[in-house]
Amino acid sequence: MIDKTAIIEDGVFIGENCSIGPFSIIRTGSHISPNSSIGSFCDVGVHGPNSQKAELKILENAIIRSHSVIYSGSEIGRNLKTGHHVTIRENSKIGNDVQIGTLSDIQGDCSIGSFTRLHSNVHIGKHSVVGEYVWIYPYVVLTNDPHPPSETVKGVTVEDFAVIATMSVILPGIRVNMGSLVGAHSLVTKDVPFETLVAGVPARAIKNVKEIQHEDLNEPAYPWPTHFSRGYADELLKEYDRRRREVL
Amino acid sequence: MIDKTAIIEDGVFIGENCSIGPFSIIRTGSHISPNSSIGSFCDVGVHGPNSQKAELKILENAIIRSHSVIYSGSEIGRNLKTGHHVTIRENSKIGNDVQIGTLSDIQGDCSIGSFTRLHSNVHIGKHSVVGEYVWIYPYVVLTNDPHPPSETVKGVTVEDFAVIATMSVILPGIRVNMGSLVGAHSLVTKDVPFETLVAGVPARAIKNVKEIQHEDLNEPAYPWPTHFSRGYADELLKEYDRRRREVL
Amino acid sequence: MIDKTAIIEDGVFIGENCSIGPFSIIRTGSHISPNSSIGSFCDVGVHGPNSQKAELKILENAIIRSHSVIYSGSEIGRNLKTGHHVTIRENSKIGNDVQIGTLSDIQGDCSIGSFTRLHSNVHIGKHSVVGEYVWIYPYVVLTNDPHPPSETVKGVTVEDFAVIATMSVILPGIRVNMGSLVGAHSLVTKDVPFETLVAGVPARAIKNVKEIQHEDLNEPAYPWPTHFSRGYADELLKEYDRRRREVL
């Protein structure tokens, strides 16, 4: 199902059962794996001056919504879902089952682990390293320049199962450790400790995340895999505990 | 005036004197009322998995600017104006004379009352209830998950004539009461009282809005209908007073 | 190299060695100077109701990336580079060698000086005056209405060589003086003094910028032209000193 208005350049692989929407462009070097769906007005496989290679590989079952732009030189795992107006620049390494919301801007030269969810309008600066099962909410920015403008680039690291709430900024080189929670509208200037809630401008450690009570359930709200597993495998909590023990 | 490059699917109603710009797509089930104008590169009537119905109804005199995306399952009143790159997801109920600025992202399953103005890059989370004559400024986010990620969804309520200034975040389940003002760059963690200015991270009540002096006029700046009525009916201040008495 | 799907309206000038990408639209009155490149899905020369004139002039060597929208009534200098999904509204005066990042929204009736860099998702309100060699980082908003909504419009002024870090809001009518630095996630409510670091909500003066040490070099990080000149002329530091003496 390739719309007749779509432009498929030479040197493209499109697997079985893919759909390409109206007015979309698939550039030379793109490899779109089977069962993928690309909406309207997308530009996929764009060659940027900094692309390390001319190929773009997207594994099976991708859903890429309209007006999105993906550069060559990136590798994207299975089951990608994007919103609309998403940009993914060159040399991004994106795992399986990742969701990237409407208007999000992945600046390239970064990695995003499997099962991670970026909500709308998230900005991932270059050289960011985002782990697995991470949740990042709207208007969060991961920065990378400690004294702008400079030639120094220090990406942010976000470890597995961390959560960063809406409109927070993480300063360059910061590590957000496993299972932590950054409250909304925070400016994170220091590393966020393991399983700790931080919040404020600048953010300060408030409490252990296990002390946050769930409003509707008679139990702690964190670690979140205790009560939330939508879209994940059955054994999510066991996986959390396994990784937790590795860290401790 | 339907551009010859536009794609009009079967089962679409387009009223008299409408224009559809180059490369735009009008999907099955869309009802575009007379005197409406849809710019270039729009995708209108997109069928999402959560659309409650396959129809999209847009009343008279809409102006929808380029690169915007509107899902089926929404109902939109007269005189809609959008900026560019706007997204309106499924099951949104939008009143008459609403303006939605460039890059704004209406996440669906929400309502926005008549005469309300969203400036650029406003994010309306699911289950938000926004009243009439509300003004929301750039980079404001209405959130909905009290302990992300969770299954709990508690939308924000913004009452009539409230104003939320730039880059403020409203936490889940909060009520912003009638005639209040949220200062720029605030994090709103508690209900905002009637006709009250709140500001800060977290936001605190500062004063009654009537104590804010207008810089150029020798009178209070709020309630804003005392001195501002551009684009509204003549009797705006009377309408404000009428609703104010209902609340008190 | 004008793609065969592009729409070039009557009354357009396109100089030698320009490329126009697939599905882009160049509207009547656009003047695209030689060696310019316009990506896919752009709408250039859009006529807005407030355009002071029907022309759009873009000087040599522009690179305008996909899904961008530029209105008529603006004048843009040499070597413009934009990201994707950029909006430039009417009556904007933009100098030479300006970069405007992905998702940035220039609201029109404003000026942006030569050699200035706007990163992703910057919002320049109407009546802003941005100087030369200014750096503005993601999710910064220059506002203009001191008591929203009102008829009062007081644009922000940002002087030469100033830097505004991520997610900061500048309130209406504020002047950010030469060589200053606004820290990330700040709310600027007062004029920012010359060569001063301000930060916080609300922002307070922290120190002279020369007291900020560079993490990797054994010297101060500011004024930034002491150690950073990528993309600029050789004599950048001399130029800084020259303008500094004018101010003092």
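Letters are used for the chains, namely A, B and C, taken in the order the chains are written, and counting of residues starts over at 1 for each.
Heads up, the rule we're going with is that a residue touches a chain if its C-beta (ideal position, glycine included) is under 8 Å from a C-beta of that chain, and two chains touch if they have at least 3 such contacts.
Given the structure is predicted, the values throughout are model-derived calculations rather than measurements.
Homomeric contact subunit A/subunit C is classed as different-residue, with under half of its interface positions used by both copies. Chain copies subunit B and subunit C are related through a rotation whose angle, from the C-alpha fit, is 120° to the nearest 5. Computed centre separation for the pair subunit A/subunit C is 27 angstrom, with centres defined by C-alpha atoms.
Residue positions 23, 41, 67, 85, 103, 121, 139, 167, 201 of subunit B each touch two or more of the other chains.
Listing the residues of subunit C that touch subunit A in their complex gives 5, 22-23, 39-41, 66-67, 83-85, 102-103, 117, 120-121, 135, 137-139, 163, 165-167, 184-185, 200-201, 212, 214-216, 221-222, 224, 227-228, 230.
On the side of subunit C, the complex with subunit B involves touching residues 7, 23, 25, 41, 43, 46, 67, 69, 85, 87, 103, 105, 107, 121, 123, 139, 141, 143, 146-152, 167, 169, 171, 187, 201.
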